[in-house]
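Look at the two complexes coming up: subunit A is in both, with subunit B in one and subunit C in the other.
Let's look at the complex of A and B:
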């Protein structure tokens, strides 16, 4: 495909290409959102288990620690391949998208669990004392006293992670998940100039992550103003 | 029957024996004060009583009933009767003064929020902080925070109130406020109290009995008059003479 940039652009802007790009963007969105949501919920749960001390058997806490550390230390791509081959071994006929979602959720769980734990640890121990002597259960203490105070510590790094995570979901293309980066590669291979193929996915990544960055900034600002919530 | 009865209580912390066979009794309606040099185990004793630290051996009885500190139901029952005010106030930082007082009765004990709110406002009134109901702890002075903490403890209607060096973290000019608040409470309510304090004048005024502790043991027990004017043990005499010259 030769010609001026304007001609190339005209050829690039077809309905088929647009839907292809948007479907890739949707897949990236699904991967990121499910990773962040599942990862945050599971990470929160694991952090709460690790923080529970003697209320949970030590073997459970140790197991949780091992899982969290493992998924934080193993490269994203390796986790992806392990999950991929684990599903193959299990013999289930599972789509690569599901493999991708499971992988990103595991990785996000590991990272977010540590972010949440740091937030819980940041609350002064005397807050626990007051709650315990007033007969708060562990979960009541977390809910009414600790978590409301931990948010301010948790939110900034959590949003930093979410933003990074949108980009990292591109690795799922390695096992054949047709997400945004994969779409860019396909378009490039079809002969569109890299400036258009990768330029368009760059814009779409920005469209995905910028609103999230704004939301994060807004929440941080609100937390800073209303010091107590 | 004594409200609280402690027998041969031993507690270790980081392989140090902090309580070395404490025995003492707190009678119903009495104010019992624990005095003694820093590190004698007074605050540790209070923390063991409310179950924030585990005893190594010995027994604690409330109303004659022995508390098994490994048993969640026992701990719960004991904490339902017993409230503690801490040296560093330990107010919930994410809640207003009023919320600090109401959360226990409402969320933990399931009492009627409107009724509890009324009681909480009355308590704030009593400790002179009705106008601070909507303030957060970091908007209050240390003395004000401690008075909120006292109101919070009272809202739990404790049968036994533990005060753990409640004025030690305060600026000197705020100490009187808090001590006057406690004096007033003692006038209006007959609450059984176990008090750890370095304020000797206060201890002398309010206590029915004074317990002098040193190195994790009870050295001497007596009325304030005995302990302050006529201590029997040399160690007590030594301590009293030192605090008096301050």
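Let's look at the complex of A and C:
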């Protein structure tokens, strides 16, 4: 495709391209949301195990600590490649989107587990002790005493991590997940000038990320205020 | 599934992985240093600059922190040639990572500037310190200590971030892994080993940073 930027722009703005870009945006969102939700649940479980003290054998707690630390120190691209090729070895016919979601979940488990643990640590030790005195089980203590106080501390950084992954999930394009960055590469290969192909996805990432960043800042301020009442 | 993992075939790539890891560390260090300078200027402008300067820095930060680094580098690598600027993969990645780091480090350093409280400076004046002495003994130590932990964390995450240089064909650790995979097809073994190397390298780097912080700056940090 030849022509000036303005001429190309007219050809670029078609219904087909627009829906393609929007579907890529949706996949990016699905990838980050599902990965972070799964990662949050798993990370919460791991943090609860580490916080359980003598109720869980020390070897399990140590193992969890090692897993959490390890997951946070492997680059997302390498995790993607390990998961991708491991699924290939296992022989299952798994879609790349699932590979992407599993990879995001693994990394998110590591990071969100640390965030949750910091939140649980932030609750005053007296609260844990009084729950024991009131004859609460460990799960009851978490459910009725600790989490209601800790979630204000956990939510802002957890949301920040989710926001980071909307951008980091761009690497999933490397294993063939058709998310926003992949769409940009396809449009570039179709012959649109790189300025249009990559420029448009930069704008769309911004449209996705910026309002959420504002929401995150609002949440942070709101929850920080509420804590001082 | 009758595949057995065979690590024997990849031992000959270990020296290559080692050089790759050094390239990752140095790439991250250079981008971090550049980003630190951009961030220092950005934070100074955003805190003390004119209305226009503040707005421009704000746009820069908001744009770079709300778009993926990978796509920013794509843009440098594929769009600039149309404008007559041809970048090698290495320099495109270095420039992209530097600009990206600059945005994040602007925010981090601005928070450090804002954390110096007026009372501290007033107290220094009260005991008769000159302006230079105040900066040397009160403001700088405070800023350095406040900033050291988040800055070291950012450096570590940048070391991990260098893996995306492999996408452009740079021979850092992940790039070396991709070439090794092209030769042997022992993908799972290779990427597991490389993942372990990333863990080891960043653990050593974190430990060194914690030690440096403790002994040189008296900052208490957990690993």
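Here is the rule we go by: the second predicted complex is superposed on the first by the 223 of 229 C-alpha atoms of A that agree within 3 Å, B and C clash if a C-alpha of one lies under 4 Å from a C-alpha of the other, contacts with A are read in each partner's own complex, and residues count from 1 in each chain.
As a convention for this text, a residue touches a chain if its C-beta (ideal position, glycine included) is under 8 Å from a C-beta of that chain, and two chains touch if they have at least 3 such contacts.
Just so you know, these numbers come straight off a predicted model, no measurement behind them.
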item: Which superposed partner A:25 touches (first subunit B, second subunit C, both, neither); value: neither
item: Touched partner set for A:140, first subunit B, second subunit C, both or neither; value: first
item: Which superposed partner A:64 touches (first subunit B, second subunit C, both, neither); value: neither
item: Partner chain in contact with A:158 - subunit B first, subunit C second, else both or neither; value: neither
item: Contacts of A:201 with subunit B and subunit C, given as first, second, both or neither; value: second
item: Touching partner for A:102 - first (subunit B), second (subunit C), both, neither; value: neither
item: Larger contact residue set on subunit A - subunit B or subunit C; value: C
item: Which of subunit B and subunit C A:149 touches, first, second, both or neither; value: first
item: Partner chain(s) touched by A:116 [first = subunit B, second = subunit C, both, neither]; value: neither
item: First, second, both or neither for A:184, with subunit B first and subunit C second; value: second
item: Contacting residues of subunit A [partner subunit C, same complex]; value: 69-70, 73-79, 81-82, 85-86, 88-91, 167-171, 173-174, 181, 184-185, 188, 193-195, 198-199, 201-202, 205-206, 209-210, 213
item: Touching residues (chain side subunit B, partner subunit A) in the complex; value: 50-52, 76, 79-80, 82-84, 86, 88, 90-95, 103-104, 107-109, 136, 138, 156
item: Subunit C - residues contacting subunit A, complex; value: 1, 3, 62-63, 65-72, 74-75, 78-79, 82, 156, 160-164, 166-167, 174, 177, 187-188, 191-192, 194-195, 198-199, 202-203
item: In the complex with subunit B, residue positions of subunit A that touch it; value: 124, 126-127, 129-136, 140, 144-145, 148-149, 227-229
